[in-house]
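Which chain is which? They are A, B, C and D, in the order written, and residues in each are numbered from 1.
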Amino acid sequence: MQDDRARKELLITIIAGLLDGIRHVAVGASSPIPAAGAMLLRARNDQQGKPPIKISILGSSRHNFFTNGGVELFDCAAQGRVDAFFLGGGQIDGAGNINLVGTGDYPRMDVRWPGSFGSAYLYHLIPRVILFREEHSPRVLVPKVDFVSAAAVTPEVKRRGGPHALLTNLALFDFDRNSGGFRLRSVHPGYTAEDVRDRTGFDYELPQIVPPTPAPDRATVELIRGRILDELAECYPEFARSLAAAA
Amino acid sequence: MQDDRARKELLITIIAGLLDGIRHVAVGASSPIPAAGAMLLRARNDQQGKPPIKISILGSSRHNFFTNGGVELFDCAAQGRVDAFFLGGGQIDGAGNINLVGTGDYPRMDVRWPGSFGSAYLYHLIPRVILFREEHSPRVLVPKVDFVSAAAVTPEVKRRGGPHALLTNLALFDFDRNSGGFRLRSVHPGYTAEDVRDRTGFDYELPQIVPPTPAPDRATVELIRGRILDELAECYPEFARSLAAAA
Amino acid sequence: MTEMVSLEALVASIAPGQSVAIPVDRAGVSMAATAAMIEAGLTGLHLVCVPISGLQADLLIGAGVAAVVETSAVSLGEAGGAPRFSAAVRAGSITLRDATCPAIHAGLLAGQKGVPFMPIAGIIGSDLLQVRPDWKVIDSPVGEPGKVVVVPAITPDVALFHAPEADRFGNVRIGRYRELATMAYAAKRTLVTVERIVERDLMATEDSAAGVLPGLYVDAIAVAENGAWPLPLWDEYETDGAELSRYAAMARTDEGFRVYLSTFLSRSKQVA
Amino acid sequence: MTEMVSLEALVASIAPGQSVAIPVDRAGVSMAATAAMIEAGLTGLHLVCVPISGLQADLLIGAGVAAVVETSAVSLGEAGGAPRFSAAVRAGSITLRDATCPAIHAGLLAGQKGVPFMPIAGIIGSDLLQVRPDWKVIDSPVGEPGKVVVVPAITPDVALFHAPEADRFGNVRIGRYRELATMAYAAKRTLVTVERIVERDLMATEDSAAGVLPGLYVDAIAVAENGAWPLPLWDEYETDGAELSRYAAMARTDEGFRVYLSTFLSRSKQVA
């Protein structure tokens, strides 16, 4: 088992890798780890003289490139101007469908979550949607979601968007749009492929050898604890404090 | 024959009468007579303690109640927030259809006018469209327009908008949406019903007695030459000068 | 013409059963009017959350003011789920119209444009299409063959929000929160609470006018200082996170909610 | 990322045959870029006038730059009809796509929203439906039965306009002229000329941001002082009516137009 800071730094590092190559990523106002991952990639690109990336933090006035109200993110995604986004889910199934509505029979569900937000739309339009859910358990990663807030694969309609990867506290999966399922890419330090199998409610493709998720190198760790922490403090002060305090 | 100032003052007075009861009228940036008519009604309502009316002068920054770009007038009309508007036409026919495109066969027309502007849309949506064309001649008032920029009556679709009246230098016609045609209401001082008949290319309903268009009373004339002229000077300086100079 | 009225009069013009469009937490929520609506004993309202809501919807649901909730989510954000919303869903005491954010924007846009529907990208494959039979999937009538979702126009009876300031002509400063304009365009009537009335004309210059909802769309304005509290108001104050957490904790039970509500209403009265 | 380039480089990035969206006279027309496009010998452009045009379209038509003209009108306003437009229509030397103002706005809105079409009120009964077979009349798929016109999305290759100022981040001040934003949202690339580059961040405050097109949508900016002349630029300068009248008189003949054009181009060069 790793400590909480190492866990967060690992997730941040993986996300920066998943975002490599994008120009514009949007992150939710309450998604500090995805935001940190995007900031890490931005910092690296800066250092390496690569093209800069734009990070839109939804709901923030300071990190907001938009001037047309709440609809602009959605329009911007439809125009192909948002390359990556993060979605979670109370349930995520093996076909990449996500459920943000609740469990049981609609409408009087056993457990009701907030609702689908923009997922039903953005999943179709943003090329690199990263499913990010820290909890890795059979109740989250289910064979079939009780309610499809957003569908991963819809052959009946042309789309540029969909799931790119699934990242949890235990592992990283790639999503294959052709087969419509996940393939385990790597298992985080401290866990085994068996742990992942035990705690995953859906089937997925398993490579012959499952490599461990590489831990962040020294330069990355320093970047996170320096510049990224400073940048986070502006938008996510609570999270920045918790990350610093964990040291 | 009347002098030019009397003609303009008469048209302004008629327009104020045609607008009576509305809350919001939009007028084009190059339509000083309609604007003056609207201003006259606004001034009268002020004097009589009646509800105020809003006048949107398109293309003016000062007399512009809009903040959402060029589309807002059209949206506003669709919302039922614009009660009256003015349309002209290179040709106007007896069924109330107007042509702003040209004469002859489309597209290589004999005479090409600027184009349909917003007419095809606004004619459907604004309840009281006043057709205003100073020239009263058979080449303007035709049996059938060569190109229907905007149709007056379309039983195949529900609509709240359409022609209310036709005003020219010679006469005032009412439009009957049920019969789909014009009825002569009055003939301006200096002209006869026969003049109107001779110079109108389409058929229209003729009352047994055709009254003369009432000339503006003394109070109205004073209002036009005072407050209205001042208001016009702001938006239509050329027109205000010409109206004052005509004295 | 925009009327300047009291908060009570503003709220009294909302009739039971009407549909009321309300904005997302950060875009100017009239919590002052929310308290006044609860005080007035309004019932049967159809909330249209643009495109989601939080404390405001949860209070209106818990207090029995809202009967229908059209929304893409109800959540207290960092303070957690919306307890009265969840309880009402489980109890079946509200009618749900689950949506997705851009579909609510699209429905209002159809209202703004006076068209019966609006096409929208995406959504296909979502179970929202099962629970929203008023949303249709059609073959695109133009361009390449393909399926497109269309949603019906949303034309709320009332749009209700809070803004920093208005002028004497009824012009309201909305800054970049243009969804407030969309709500007002689409709604039959628009009611606004503001921190203050300013003496200058907000439409006087091109620059100041850019962030303004014209008085043409605003039916009534009431002054309510701190009127979004405990939610934030841009350029004015931040979220009162402690108050939201207190609410989240207390509203877990119906009893706790009643206690919270009574304090909330009396505090709102003192401020007003 | 927005590039800061010379006027020549800005215009050089437009390829022959591309569609170029241009605004109405009062909304910031880049006459500087118009002159540069003529100088560069561009041909075959498809103009999308948002929603009408005047001197700019007439010059581009007369100089043989525009091959297709999609517009609700071309007119010099108080200076009269557009002589080169009328002559080209009679000669059949341009392809016309006659429209009505809100249909062009609706087509761009469909482009902005990434949907193949947009419904629009009215129009039925107009001969525009005869000459625009790409516009369709459909039965409304929702609500009361009824016919509705739908127009296809307009996604111009380029949006081109002139504005008072931009900042170093590529943010451009557009004030209330929100059609400029719509053009940019819908277009693949957006090219802007400005009077000046300012040092402050136009997005710094909620109020200044309200009238700004974000740099996210702006591909290249060139400084061109007096760049809308002889057309007006809000808050900066009025129409040069004498120049417009001179144009209207000279452009009645092709020969007169050539003489005008040569003076116009040399004057533009001196300014630039």
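The criterion applied here is as follows: a contact is a pair of C-beta atoms (placed from the backbone, for glycine too) under 8 Å apart; a residue touches a chain by one contact, two chains touch by 3 or more.
Keep in mind the model is a prediction, meaning the values are calculated, not measured.
Looking at B-C and B-D, the interface holding more C-beta pairs in contact is that of B-D. Of all chains, the one whose mean C-alpha position sits at the greatest distance from that of chain D is A. Computed from the mean C-alpha positions, the centre of chain B lies at a distance of 40 Å from the centre of chain C.
With centres defined as mean CA coordinates, chain C is found 29 Å away from chain A. For the pair chain A and chain B, the distance between C-alpha centroids works out to 60 Å.
Contact with two or more other chains is made by residues 113-115, 120-121, 144, 146, 176, 181, 206, 209-210, 234 of chain D. For chain A, the set of residues touching two or more other chains reads 61, 64, 66-68, 78, 125. Interfaces, counted as pairs of touching chains, are A-C, A-D, B-C, B-D, C-D. Within the complex, the chain C residues that touch chain A are 24, 26-27, 50-52, 71-75, 77-78, 81-82, 85-86, 89-92, 96, 98-103, 105, 109, 120-128, 131, 144, 146-147, 176-182, 234. Considering their complex, residues 1, 111-115, 181, 185-186, 203, 206, 209-210, 212-217 of chain C touch chain B. Within the complex formed with chain C, the residues of chain B that make contact are 24, 51-52, 54, 61, 64-68, 75-81, 125. Taken together, the chain B residues at the contact with chain D in this complex read 29-30, 59, 61, 64, 66-71, 74, 78, 97, 100-102, 106-125, 147-154, 156-159, 161.
For chain C in complex with chain D, the touching residues are 106, 110, 113-121, 134, 136, 138, 140-144, 146, 148, 150-153, 173-176, 205-211, 234-235.
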